[in-house]
Amino acid sequence: MYLQLTVGGLLLGCVYGLVAMGLSLIYGVMGIVNFAHGAFVMLAMYASFWLNRFLGLDPVLSSPLIALLMFGFGVLMYHAVIGKVLEGPFLARLLVTFGLSIFLINSAQFLWSPDYRMVENPMFRGIIMLGPVFIERPKLVASIGSLIVAGLIYWFVRKTKTGLAIQAISLDRMAASLMGINIERLNGYAFGLGCACAGAAGAFLAEFYYIFPDVGTMFGLVALVAVALGGFGSTEGALIGAILIGIIETVGGFIVGSEFKYALVFLAYLVIVILRPRGLMGWGAD
Amino acid sequence: MKDTNRTSKTLLILAVLASIILPLFVKARFMQHILVMVVLYAVLGQAWNILGGYVGLVSIGQAAFFGLGSYVSSYLQVEYGINPWIGFALAGVITAVFGFLVGLPVTRLRGRYFAIATIALGQVMKVLFENWQRVGAATGLMLPLVKEGLGTLQFHTSKLPYYYIGLAMLGIIILFMWYMERSRLGYYFKAIRENEDVAAAMGINKTLYKLIAIAISAGITGMCGTFLAQYSLYVEPEYMFNHNISVTIALIAVFGGTGNILGPILGSAILLPISELSRAWMGSTGTGIDMMIYGAFIVLICVYQPQGLMGVVRNIQARARAQVERRGAHV
Amino acid sequence: MSKEAKLVVTGVTKRFGGLLALNDVSFSVESGEILALIGPNGAGKTTLFNCLTGFLKVDGGTVEFNGRNITNWSPNQICSLGVARTFQVVQVLQGMTVLENVMVGAYLRNPRTTPAREKAVAVLERVGMLDRADVLAVNLTLPEKKRLEVAMSLATEPKVLMLDESMAGLTPTEAAEASQMIRSLRDEGLALIVVEHVMEAIMPIADRVIVLESGTKIAEGSPEEIVSNPRVISAYLGDKYAKRVVN
């Protein structure tokens, strides 16, 4: 039973991990805690839903497209909003994404009603047996897909010229700008990449998850907790934190009752962060 | 200098009189409702301000204290028939103690780690109350309808008595903060906000003062919870522990300007009517357009007015002063 | 202020990972004395201050104040006891006025506002900053901020005062004023530990000098003894003084 649950948690954790990675990337580069990240996931889920409804595209197949769309959306958001508060006071930086999140969630509610929706006839359905463990196929696909995208982003940031420039910014903004790096444009890319993570994750989730305006909120908060657990700005930390949370959520939820699973996740955050004020592997400053 | 002092005193007296007299002419229940919300959130914003504006601990989980306070008085009333005024006082004490206890570990965190911890706290409290059968779990508690009056803290014919009670609370907290700003407590709070190392080097026990701040903030917020419970006559986790309450409280303070007394009042006086009116005009059926406007408004504030309204006021003052000085130099 | 005070440091050791930042450092300082603490960059002077004032936990050794063991007490407790310090990288309360900054210090011994303000005004007058009382600290120049920091420390009415490069970046006139000030504090009975790179400023006023190098105390004595100590010259003063002379 526990093996079953752990595997379930692991799969869930991978999807959380992708969301968290985007969050961590954005934080690392521009110091913004993106409370709207969950709303971005939600938007991506709706986008997948409509692509499926009107073009018959399966969410998993449309995930690259969704990621691309969300990248563009993120770049836009950066230049319209986020970039304008970067130099502002701490509170403005903290709360602007709250406003964005409220705006997006309620726009979705206004445009598409609060109804729960589901993608019809998803391509991946049913269960496969792996030894003694049942695995839901869409979740397996989602977690593998998430890992692939996470790997791609990781590769992009570590190996390409643009990625290295983005890293340079996250290490030392001053020096980066002195080296002739166009910070504004790269910040935009970084924000776009973060959104693309949320986008891909949203597409994978749309394969098997209910879609409604508030659906992203919990994903966003959980991802935030994962990032904090890993230590803000540490991409690998975010991934590990997310997997840990996936397991806490499923295994712990089974033990104390699933209505308490998120309470458990937040309690885990409180406990860990109080014991290690900078996250499990974080050594970043405040 | 004397002149500005006198004008500000006159303005203050006018504002106090206006806040007492003008509402008497407000007859529409909905308008009365807005007034009640404005004073309630002004108090809540002020409580947030003590912690976030003065000490620099940004909380986005005030709903934890708010909800707890609302349940303390309501439960005592429903279960044991205890008078809401006693519940009101107990709510303050219990949430203050709760804030203190929570603060023991949490105030060790800084910046966004603290902010996220408060979010987590709010969520945990909500889930706990949603599943706590004794206090009605997700359905919550209905307060018994009793004869209206100051003694029972229930008013049915008009909402204005609630307004005046809220106004009294606001008055008390303003007096407290006025005193605080001029005392060691206020100076120490600000010192901790500005630089914790300097504060420690000046002999300030920063842990203690952070705990004092969170206890005060929590206690006041808890009493506001009782207030809303008496106003709505029911409590329910989704309502009292709602994350939006936490966000709205923080926003009011930020919109008005933090770290001063006037900010949260201005913030509440402007933000609450906008949110209530847009809800009434456009959003009563849950289309979400009211919150859409609200969200957009927040974004605009953060982008274009990050110092809050008090920032604008200060800028204008500074410009006026500079002008006077320049004129003085010419003479 | 003139009460006798004595700070005794015995065998203080501090490690940062593999780096031995302080190695078995011992010394003492008492009322009416200026102890200069010198040493090349990275010698561990600031680390020593941090260990003595509770900002860092020591890995070994003891700090005693008037016979009381205060090792690893918290910074605020140590300050309350009468041991104050300034920071090398200047630290003030940026968003508060000069007067308010000093009042924060003064509140330690004067819980009520009026006496605290009076005390702060007196201290500001003493350091010659009264005319800047209403300026926001963020708007001060660097030397002014340093002076403000000293004023804040003084407002806590310390018996031992530790200054970490308070004269760095001052003009010669300002440095002379600062020296004068330090001397008068000593004459009032304070014990002072002064870290300074500006030798011309510190050597004439120091009663005693200790020299740190790579975390180890390599010499202690009167200024005359120190400048003629071959070990010190080779470790620290030699090329520096030579360069100065050339310039």
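In order of appearance the chains are A, B and C, and numbering begins at 1 in each one.
Heads up, the rule we're going with is that contacts are C-beta pairs under 8 Å (C-beta built on N, C-alpha and C of every residue); 3 or more make two chains touch, one makes a residue touch a chain.
Worth saying up front: this structure is predicted, and the values here are computed from it rather than measured.
S.K.: If I average the Cα coordinates per chain and compare with the overall Cα mean, which chain comes out closest?
M.R.: B
S.K.: Can you check which chain pair, A-B or B-C, has more C-beta pairs in contact?
M.R.: Result of the comparison of A-B and B-C: A-B.
S.K.: Which whole number of Å gives the spacing of the CA centres of subunit A and subunit C?
M.R.: Computed from C-alpha means, the inter-chain centre distance equals 49 Å.
S.K.: With chain centres defined as C-alpha means, what is the inter-centre distance between subunit A and subunit B in Å?
M.R.: 32
S.K.: So, what's the distance in Å between the C-alpha centres of subunit C and subunit B?
M.R.: 43
S.K.: Which residues of subunit C touch subunit B once you look at their complex with the stated criterion?
M.R.: For this pair, the touching residues of subunit C are 53-55, 74-77, 79-80, 84-85, 87, 91-96, 100, 103-105, 107-108, 111-113, 116, 152-153, 156.
S.K.: Quick check: in the complex, which residue numbers of subunit B touch subunit C?
M.R.: Contacts found on subunit B: 182-184, 187-188, 190-191, 193-195, 197-206.
S.K.: Going by the contact rule set out above, which residues of subunit B touch subunit A in the complex?
M.R.: Those residues of subunit B that touch subunit A are 52, 58, 60, 105-106, 108-113, 115-117, 119-121, 123-124, 127-128, 130-131, 244, 247, 250-251, 254, 258, 286-292, 294-303, 306-307.
S.K.: For a test of understanding, state which residues of subunit A touch subunit B in their complex under the given definition.
M.R.: Checking each residue of subunit A against subunit B gives 33, 81, 84-85, 88-96, 98-110, 114, 213, 221, 224-225, 228, 232, 257, 259-260, 262-263, 266-267, 269-270, 273-274, 277-278, 286.
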